[in-house]
Amino acid sequence: MNGQYASLLIALPLISAFFVPLIKGLGKKAVKYYLVLITALQTGIAAWVFQEVYTTGKPIIVMAGAWRPPVGINLYIGHFAALFVLIVAVVSFLMAVFSIRAISVDPIDKYAMLFLLVMLGATGMIATGDIFNLFVFMEITAISAYALTAYNKTGEAAEASIKYIILGGIGSSFFLIGIALIYGSLGTLNMAQIAQLAGGMDATVAQVGLALIVFGLAVEAELFPLNAWAPDAYQAAPHPITAMFSAFVVKAGLYALARILYLMQAVSSWHSVLKLLIIMATLTVFVAEFAALRQKNVKRMIAYSSIAQIGLIGLAFALGTQSGVDAGVFHMVNHAIVKALLFLAVGHVAVSLGGAEMEKFEGLGKRMPLTAFAITVGAIAAVGIPLFNVFWSKLRILLATLGAGYSWAAAVVLIASVVEAVYYFRLIHTMWFAGEGERISEGLAVSLMLLFLAALVIVIGVYPDYAWSIAQKAGNDIFNVADYIKNVPLMGVGA
Amino acid sequence: MIDWKLVLEVIGILIYATFMGFIFMGIERKAMARIQRRVGPPIYQPIIDTLKLLGKKESVSHGFIYDFGPVFAMGASIAALLFIPIANFQLFSSNADLIVVAYLLEIPMLGIMLGAMSSGNPYSALGVQRGLLTMVAMQLPYGLALIALIQHWGTFKLSEIVALQQTQGWSILVPALFVAMIVFDIVFQAMLGLEPFDIVSAPAEISMGPMVEYGGKHAALLFTQHAIQLFAETAFFAVLFLGGASNLLELLIKQIAVLFIAIFVASIYPRFTIDQAAKFFWKWPTILGIIAVLLTV
Amino acid sequence: MINELMIILFAPLIAGVVAWALDIKGIREAIGIIGAAIPLAYLVKLYPTIIENPIDYSITVSGFTLQFQLNTMSWYFAAVASLVGLAMAFGMAVTSRESYDWLFALMSFTGVLGVFLSQDFVGFFLLWELMTFASFMMVLRRNRHESLKYFVLSVIGAYAMLIAIGMLYAKTGALDFASIRQVLYMDAAMGTITTRETAIIFGLFLTAFGVKAGAVPLHVWAPGAYSETDQSYTAFFSGALSKAGAYGFLLLYILMGYKLYAAFGTFHNHLTFAYIIAWIGAITVVVASFLAVLQEDIRKLFAYSSVGQVGYILLAFGLGSTLGFAGGLFHVLSHAIFKGLFWLVTAAIILQTGKTQFKDMGGLAEKMPFTFAMGLIAVLSLAGIPPMAGFASKWLIYEAAISAHMPLVAGAIFLGSALAFAYVVRFLYAVWFGQRPSDLEDVKEAPLPLLIAMALLAIPNLVFGVAPGLVTQYINKILGGEVVGGDYYKLVTPTGTYNALLVTIALVIGLAIAGLVYIYGAKTRKIPVTNTYQSGNPVTEEFNLSIRRNFYKPLAEALEFWLKYSWDRFYERVAGMAEDFADSLRQAFYNGNVQSYSWYLAIVLLILALWGVL
Amino acid sequence: MDMNEKKVEEKVENAQPVEETRPELPDTKEGRLVREIVEKAPYAEGSVRRERRVEFRVPAERIHEFLELASEKFEMLMQISTVDWLKEKEFELVYQLWSVSEGIHAFVRTRIPRDDAKLPTVMDIWPVAETYEREAHEFFGIIFEGNPRLGPFILEPREYEKHPLRKDFNTIGYVKVIYGEDFDRYDESKTNYVI
Amino acid sequence: MSEMKEMRNENDGVISYELQEFKLFEPLFKWARKKSLWIVAFCTGCGGIEMPPLATARYDFERFGIMPNPAPRMGDLFLITGYVTPKTLKRIIITYEMMQDPKYILAHGSCPINGGVYWDSYNVVKQLDKYIPIDVAIAGCMPRAEAVMDGIMEIMRKIEDGTADGWKRYRENYEYYRKNQDELFGEGWREKDARRWLAWI
């Protein structure tokens, strides 16, 4: 089982997506179970790849059609990519199991196909080593995301997806122009080679190219002014899809932003772009947290909180220091787990009690104790209380920010997290200490998943060393571009 | 182990102090009478009153704490007395200093309050309230005066203060400490419960304040306590500001001098209401106290 | 020997989790009490080794090395906290119905112990957050508004500390106390950290520790939080948790003392930064005591009173002289024991009568004699009556304040202690004496565990009162020099002496003499409350013979100019404004139409262009 | 046409009531006041006793209306005193009014039968009347309709039933019953007078 | 109800306990009682205005150790100055019973003796002696200050030779006094009166 099997990560979802119409003939139930099967397979492969990369310590390079990189497209599965492909696979598996119960709207085969495409796109974005290929996978993810947002066929869903399409479209088009500029001046699309030649580019062209790419990806990665589409999209999408959005779709965009940013280190105006990104990221955290303060709909509230946390990760990446990037990756991992847990639980409540308004949550502790416990663990972790996983990564990010000298940014983030604490603890109080209700039976599968994620949160919180070491390796993979170039076997090219 | 000389001294001083305390109360009434051009009672009248009260054939109690209050008050007064250097007898004053004595002089107030509260009479409750408010009001200037004194002499021990005053002249000669003495004198008026500040046991308004339910031997206890307290406070005043005394007679003269100042003030001024008293104490005496403190720092 | 620190630290947390998991009536209490007893037992066992050399222990968690050290000072604070914690456990065995309380009470116990023992900022911050979170959850159960007010204020404090830690980390590159102290000591001369930054760091630390200790502008959470939770837990809450704030101020001296001195210099021969702390303490004492006197609810009274007493400790630390530290440290112990005792007494009263307002209580002295005796000891100790521990510590603070030439601050102590006397006697009057309301006839004495808890805290009051030398000798070890001389019964400072034993003997003599005079008189007969002089009017049971509502109305009238302003209303307005701002921000930005969103994109492009990036 | 109207007006004008023969009122301030009031209230007879003192006599059923009229001039009600004419079996109530503006006392007298004496209350004009009416009720047993707090006021319940100030109340008999028979006047014959 | 009954009895029946007999210091206490009489400041009737002149410079009863004292518990001498109505008598009885034991009553004027000018009035007590024991009575329709001083001297003389035993008489034939009182006020008048006052408090 040498490295080549890693390409299965891309191939499997693609092929199975096309088989879905055939399975449809066997009945709706079969499609759902098929979806679960495929995601389980994908998790298996991802786990094997993760184990392979982290034991040998060397990244797996997959060349499409055995062409050497500058000509052919290559997949570069380093430490970060291995880790994140695994997270994408695991979260998709969990959501697939959840969607058996959560999805009742009829064209289930279309849902399954789009589900697989989203998973494919995210995996592809993370694994690819070629800039244009990155654009292609981003388009796949974006388009299937637009469709999935509108899947519920309600007026609100339609409106949300239109917003998402317009903004996403503008963003990706600027991203394409940026890539064209880079390709025009450097003649290559391969990331490693771009990193090599980035120094020699003409200053203004490099500046414009970098800015456009960053702007394009920022829309996907929900930084401040550009994330207006996010709250509606999160709220309107079906529950499993919202979890997938916050867990890895947006993060893939964020990873791409970071990867390209650090590739183009040699560009002269690099620092001013970083400063701009820091401002945008801090504002994201600030605006999103304050917007969530008086939310009536719990799902929208958690959406805002997830945007804020992603803004925090953006801030960590934009610091430009090794500790910042490591902290950002660690926070990505923790945030993925916590948000998956929260959206899963809220989705479960919405499904069984019909709706996610605050009134539904009154006395939840008496009606659905396990889900309430899961939401409580998730909320307390999200706020950053010690003995829970987000505390360690938030502490790291803040120390890195202060280390890098942006004490005003740290102050704004901390004020925002005070606000976050207020609305989360209001939620906890409404759940446990207000309202009455008798006990309702909760689905076994969902309860198991909730317990697994909550246990994961507490285990990382109490003993974070192992998770931190993985995050450090992944952060190192993004940060020092030198050994990235070294690993990719480049053919010599003129220009 | 017990050095009998100290025990004898203590007993002697206690008897002397109680007797002189009663005489001071007598002087107080006699002087006020003379000021009003009346003949006034004989000087030893308080002794007669206490004997009469002790001789009452029945006595009434509202529960254990009601009895414990006056006993505790008198005990505390006696304890306070033992720590003040009386003329040439040092008693226990070598191992307690100014702050300890100041607090010991305040405990009888708690004793009386305890007894008055448990009597369950609205007048005594009002008396307790007024007593506490007067104490709260007077504590700040009282503290400032003491602080000025301590800062000037640089020590807390009463015996050392007396020694320093013997050598460098009385405290009131120092201008800053003279201001402190004025503040202390105003506070002294309230501590003794004399006219301008006798809001605690305002006879006409709330019929003897806390002492309304006290009769017979409880009243006798309170009278002896007041006598000892009077002697202790005048001695305290003398020690602090008038340079202590080498023998009892000199101390007696100083005490009576202090007493007369208080009596003259008492027989002129009408009674304050309690919130006027609080506002007054936090205005003039406090300002004077702050001046005294700032001058000596 | 090494992992004893870990046992001390995490025994309560583990016991809490187990008690919460098991949740069986009898066993839960037993586990809780054992969990609370282990730290005290181990601390006593480790006492001899502590005297020679401190015990160290460090664990590495996710790249941070958390160092813990049990030296003389941390032993002292930990011992005080675990004594009050044990009393709390006994109390909670009776008053708490839920396993929820046990989990978070013992979690906050671990937090406090961790704060005292940790030697590096990450561990310090982690356990500080844990302590705040656990105590917050205790209050959240009963009252959302008060708990959120408490949590927001203490989280702001904690995050201020985090920023300060971050700035220090950025400047010194180290997180553990030893190296930070070393670097700051060296740095004082070179001055790489500008005075402006030192001021910011000092200000941030001041807010953090000020919130937890309840200094005046930040004391707003204390009355709500202390009164809205299970009362026997409040004994620990106000007895030990507020000491973490005081410990923080001590930390400031240890870590940055020299740097702050170099940065701010002196203000007529007082350390400027210490002068600020002393004045914060003084203001806290006066303001909190005035507010305590005017309260109508028994819990609110003791809440403001404990804020005031912690003000004493801050004041003592602020004096800057070693005598000031000695006074402050002694007051940490005495405040913990008498305030803990007060809260347990309140717990017993509320448990038995179910009432919390003064106006419905009264005449409980006969019904609950033991609790009354304990209450009386606590009253004597808090009011500072000589034979009690409260007086010894207050006496030391007086000595320190006046000999440190801070007269107005010493004046504040005088006023504060008089007010303490006033509100404590008010408590005695309203609850224990006077006419008993008809519905309190069948009140019985508090259950046994609560009585044990009270005894547990009352005995030290008496013992340390009569023999304060025990405590001062240990404090001399903490401060290194012979700060307070004298043997077990006598305290000798450069300017004054206080022989506790002799004062007690004198009081006993006095009581004996007075007792003799009392016995000589006519035999007393007990008469009912109604046989009282109401200027001749006949009195029956229905008459209201005691003044329990607004007992200090004249004082309120004298102070009504000051009472108009209240910090509480100010903070409520600020919170309201913040929420409205948040709402308007959301309406403004996420207004739902796509045109404005695309305009945002255009604006970002414009910025990119203007900024020369494009 | 207007002739008739003029005629009608003339008839109305000179249809004035003929001036009653009354002891002529002196042309002083008091006299003018009394004449003014008597014009408004023909049923009342006013007279001026002396300077600053005026009297009115009003039948019992018109008293309330008269007092309302008088209250414009006489702002204060000083007292309601009662006289018990046992022989004529009548109570005489005197409303003593005082006019602050004019500085004149007015004594308004009415007579009501003795046995079940009833009068409308004047509390609506002068609220202070409540106390005077209660006192009158307690001592004489006069019932004032509309006074909410009639009933035992100051006296002991035992004396209240007897309405002690009525002439037909036998004081000495009552005293003998209550304070015992041996109540004796000072008798010179007793030598050692032992209390 | 029984507890209530017993308390009421305790409240009314002041006489159920025995007294303390000081053998040793009796003569000293007798002298002290004589030389320090405290007047309970309870001026009933029209004689109250006669009291202040006694305290002023001309007559100054303070020379004899007499001091007005507002609280009955500490008072010894009870001055009944002028006519006594039943309502006042109730207050007098309650205050008298609150005073502690060697207590004396000085009745001013003729009204307490036989009703005086109000001999036929329905609400004046004719013979005060039937209800509370009077030690010394001063005749005159409001005796002048000299007469009052003389009365006080009389009381001091009676204390001297032990005949001022009003309080002893009240103790021995308490039933007689109690009967008269109940006859005048009606049985259980303390509760009825207290309840009447409750409305106002």
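Labels for the chains are A, B, C, D and E, by order of writing; each one numbers its residues from 1.
Everything below uses one rule, namely that a residue touches a chain if its C-beta (ideal position, glycine included) is under 8 Å from a C-beta of that chain, and two chains touch if they have at least 3 such contacts.
Please read all numbers here as calculations on a predicted model, not as lab measurements.
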Least hop count linking chain A to chain D through chains in contact: 3
Touching both chain B and chain E (chains): C
Reaching chain E from chain D through chains that touch each other, fewest steps: 1
Chain closest to the middle [Cα centroid of all protein chains]: C
Taking each chain's C-alpha mean as its centre, the one farthest from chain C: D
Chain separated most widely from chain E, comparing mean CA positions: A
Busiest interface, counted in C-beta pairs: B-C
Between chain D and chain C, distance of the C-alpha-averaged centres to the nearest whole Å: 75
Gap in Å, rounded to a whole number, between the CA centres of chain D and chain B: 64
Rounded Å distance, chain C centre to chain E centre (Cα mean): 58
Chain centre separation in whole Å, for chain E relative to chain A (CA means): 97
Residues of chain C touching at least two other chains: 521-523, 525, 527, 531, 533, 535
Contacts with 2+ other chains: residues of chain E: 17, 19-20, 71, 73
Chain pairs that touch, as defined at the top of this document: A-C, B-C, B-E, C-E, D-E
Chain E-touching residues of chain B, taken from the complex the two chains share: 29, 33, 36-42, 45, 48-49, 51-60, 203-204, 207-208, 211-216, 219
Residues of chain E touching chain C in the complex: 7, 10-11, 17, 19-20, 42, 71-73, 90-92, 94-95, 98, 190-191, 193-195, 197-198, 201
Interfacial residue positions of chain C with respect to chain A in the complex: 60-63, 122, 125-127, 129-130, 133, 136, 140-141, 144, 147-148, 151-152, 155-156, 159, 162-163, 165-167, 169-170, 578-579, 581-583, 585-586, 589-590, 592, 594, 596-598, 600-601, 603-605, 607-608, 611-614
Chain E residues within the chain D interface of the complex: 86-87, 113-115, 119-123, 125-127, 129-130, 134, 137, 184, 186
Footprint of chain E on chain C - complex, ascending: 521-523, 525, 527-528, 530-531, 533, 535-540, 542-544
